[in-house]
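Encoded as structure tokens, the structure appears first; notes follow it.
Order of writing sets the labels: A, B, C and D. Residues in every chain begin at 1.
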Amino acid sequence: MKMLINVAESVVADALRGMAAAHPELIVDVEHRLIVRRNAPVAGKVGLVSGGGSGHEPLHGGFVGRGMLDAACPGEVFTSPVPDQMVRAAAAVDSGAGVLFIVKNYTGDVLNFDMAAELAEDEGVQIAKVLVNDDVAVLDSLYTAGRRGTGATLFVEKLAGALAEEGAPLERVEALARRVNESSRSFGVALSACTTPAKGSPTFDLPAGELELGVGIHGEPGRERRGMMTSGEIADVVVDAVVEDLRPDAPVIALVNGMGGTPLLELYGFNAEVHRALAERKVPVARTLVGNYVTSLDMAGCSVTLCQVDEELLRLWDAPVSTPGLRWGC
Amino acid sequence: MKMLINVAESVVADALRGMAAAHPELIVDVEHRLIVRRNAPVAGKVGLVSGGGSGHEPLHGGFVGRGMLDAACPGEVFTSPVPDQMVRAAAAVDSGAGVLFIVKNYTGDVLNFDMAAELAEDEGVQIAKVLVNDDVAVLDSLYTAGRRGTGATLFVEKLAGALAEEGAPLERVEALARRVNESSRSFGVALSACTTPAKGSPTFDLPAGELELGVGIHGEPGRERRGMMTSGEIADVVVDAVVEDLRPDAPVIALVNGMGGTPLLELYGFNAEVHRALAERKVPVARTLVGNYVTSLDMAGCSVTLCQVDEELLRLWDAPVSTPGLRWGC
Amino acid sequence: MNASTAPGPVIDADFLRRWLATAAAVVDREADRLTELDSPIGDADHGSNMRRGFTAAHAAVELEPPQTPGGVLTLVGSQLISTVGGAAGPLYGTLLRRAGKALGDGTPATPEEFRDALRTGVEAVGKLGGAVPGDKTMLDALVPAVEALSFALDAGAGLADGLAAARIAADEGAAATVPLQARKGRASYLGPRSIGHQDPGATSAALLVAALADTAAEAVA
Amino acid sequence: MNASTAPGPVIDADFLRRWLATAAAVVDREADRLTELDSPIGDADHGSNMRRGFTAAHAAVELEPPQTPGGVLTLVGSQLISTVGGAAGPLYGTLLRRAGKALGDGTPATPEEFRDALRTGVEAVGKLGGAVPGDKTMLDALVPAVEALSFALDAGAGLADGLAAARIAADEGAAATVPLQARKGRASYLGPRSIGHQDPGATSAALLVAALADTAAEAVA
């Protein structure tokens, strides 16, 4: 598998150097692996810190900026960052109003953020945490590590980010973040496996004519393999899985997300089918975002995240945001 | 090759339906294959119309909106649109101030836009045309169809779009568009071939361990095949090719563009090497844009476009733009 | 057996409708091969472009059949322009529109009128695309085909035999594009790497000429 | 031959430095295999995670070698936490930090003190990650290894023989993860599809135990 890289070991550092060059509006600390809003800490504002393994770009580093994250901690590819990064990030963005850690529910992320929270609190930073666990493909039971965090992370970061920007205190930002997570569900499909730089070959075999339903965003196989389906059939399966779990009784924001290797042309075509499937199930769609936002390197495929919204969430969604990966209103 | 589609024949129509669902701020005419700014024609403003084969998304449809295009005409995948589309687009966006056709230099695009210009003028619309031909990989000689239009299209659409937004007359918008094209050069590299829906298999064979230098954006092979290189080596080759032809003596805007299948993580790493290569060649970089903007379906690879700028062009670059694919300042 | 004494097929609207049906069928059947040829030196769409265009043209002509041979060609040309896109759309569209206009309103056309109309159309392709024979384009099949037809008619052959000769010339012309380096169209981007591949447009041109020859042969049979 | 009468290796800082050097080398050598194991039921990073961590830990210990065995383990644990990330970083890091702290400032440690420290560390892993043996995690190698060591020491064996027994138990424990369905970590997402694969963390745990056994064996040789 060919990659546009120097060596596997430097992939994350190289990307950070490239982000620094492209985004003078951000502070990119290549040595300590941090991406920080330039004007951090913003006086009186709750700081939002997230992070996770690299390979999901623009998540999280591309969501640092006004109206979203104050800092992001990129780990190695598909590997949770280490506590040192999060502690440093918390210190960098804490204005005294406290810091919210937005953590995708993976064992590694949870353990590292937990350690960081303890250390940061020792240093006098008030820390709250929200776990994102929206992936309905994983049974949330004693027999798993719990549901994975995927597309809902974007909603949590955007909506909690907008509320923090308004000056809300930590408890309210935390409560809202939790509410957004609880209002969001995702389901993903892979048409191909992805290739990590360290491994250099696809993480699993996916023969021609088959796809994986219920994949995560780390190149892990899904729960079920099926024969290839049309985009309309895939939309039905995905929307069914999400809607059955979420049971929305209000409009939703739909994130029709590409895994990285699927052309935007196909993604828009898929969005048409998702809208059709939602209309058939009488789920009104208030807003739609189509694109590669929570990716899995070069994996071909897609995921759908629905976030049920009320007036407040919709207002926060429409609020200005200015980051490399998501920008409107300013 | 698996694709997220229904059938190959409906790919473009499906994508347009999906764009319509995602972007209520645009008029998407699925039947006539047009994407038009909702408030078109804008009184007194020159209308900007572009178009080309599909498969390069977000180009062109994703660049319709304030500060950029007034309308885009998507053709079939890698196939120039037909004159009917352009004539209808011109009629839809002409406020009386005339319309600029932005045409990538491919035989098909040129012939179809030429025919459309004749027909539109018969209908009383004043038409100006600018050819984009920035790809230094193709010799601009009697023995070729002339240089291809690739990444510079984004610069022409953005900068001419900003000038048109200011109310400049057609001659000035046309002249600026021409100047932007003349100030821009590109060079592309493929790490893999792409697969069109109609063909269903890669358009050319690219063995492991080899890459193609000087590729276009239609899945055509490049001018030369080489053994695999590091991202730093690729940056040197690409920057050399562009800088030798452009010979900039002023700052440039750099577009570090993904072909579609290369993860953003790699693209940012490549951007670091492009900046290094430019610094070594003493070319100052005023602005940088990293991402998948002028793509070639699922092709892995990248291209670099440099646009030499002066104060005016930089001001126009920074001017507000609000389109699905490019958005800032509003 | 003297070909010129055989009753030539009548070149009326119906003759060209039958040609169109044959051409649409053969383009549909050969679309994948045309797209394959367009892959190594192009963008892998020529077959689907031609199929889309001829399907639309055939449907349009069957919906409201023009009464004159010129009318059929003009309508087919307009349909190709409106539905094909790419390089092939305007080029084939112009060829047939100009040929149709050259035929005017008369019906039927004589073989010589038909030959002259085709020549006018092919010349328009050269003018529009700026290509000459040897540039590795559709002209490498079209020009020899018209010349062979012309030569045969001048020598006293009937239309069927003339088109049979044109078919051979078009096939040979298409085959002869293999060793050429492209100087027009997408293939020219490849420079010397375009050598060794048959031009897809020349190949489709040969198919269209063959359909004409078949239609004429069937008419005399 | 009575193992307990053989002069046991001294468990001092130097002994654990030698273990670390061996462990770092074996992790480096086996990194690709660990990543391979992490592919079908994980995210293909365990080998590179472990290599990064042990390389950093080894470098840190060599740069400023701690004077006590507890100091070495604590430093290695901290280094793993600071450099590995993922699930393995906090888990292995906590294991070694807790073990190091349990050893306190004394030097050298007795085999029993060492065993108790390891048990404390392994118990901390269980607490932190919420897993129990049978969940298809590193604990499936670690728990039997500590038990085997403990059993051997209680039966009068020396450290080298005790660790040799621990190594066998760890290997068997790792191998025994193959038929298990994962209930913790990434592999649990796969549900029944996680069956039939050896757990990468259990495999790396067995490598670390083996390095300990080798270090002890070399010390008595």
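Just a few scattered comments:
Basically, a residue touches a chain if its C-beta (ideal position, glycine included) is under 8 Å from a C-beta of that chain, and two chains touch if they have at least 3 such contacts.
For reference, the UniProt names are A, B = Dihydroxyacetone kinase subunit DhaK.
Please read these numbers as outputs of a predicted model, since none were measured by experiment.
The chains that touch chain C as well as chain D do not exist here; no chain meets both. The most distant chain from chain D is C, comparing centres defined as mean Cα coordinates.
In this assembly, the C-alpha centroid of chain A lies 55 Å from the C-alpha centroid of chain C. Here the spacing of chain B and chain C, counted between their Cα centres, is 33 Å. Rounded to a whole number, the gap between the C-alpha centres of chain A and chain B is 29 angstrom. Touching of two or more other chains is recorded for no residue of chain C.
Within chain B, residues 77 each touch two or more of the remaining chains.
If touching chains are joined by edges, the resulting network of the protein chains shown is an open path. Pairs of chains meeting the touch criterion are A-B, A-D, B-C. Interface of chain B with chain C (complex): residues 8, 53, 75-84, 106-108, 111-112, 114-115, 137-139, 142-145, 148, 196, 198-199, 203-204, 216, 218-221, 223.
By the touch criterion given at the top, residues 1-7, 10-12, 14-22, 54-55, 57-58, 62, 77, 191-192, 208-209, 211, 228, 230-232, 234, 256, 260-273, 275, 285, 288-290, 292, 295, 297-298, 300-302, 322, 327-330 of chain B touch chain A in their complex. Interface residues of chain C, counted against chain B in their complex, comprise 35-36, 39-45, 47-49, 52, 81-91, 128-129, 181, 183-186, 188-191, 193.
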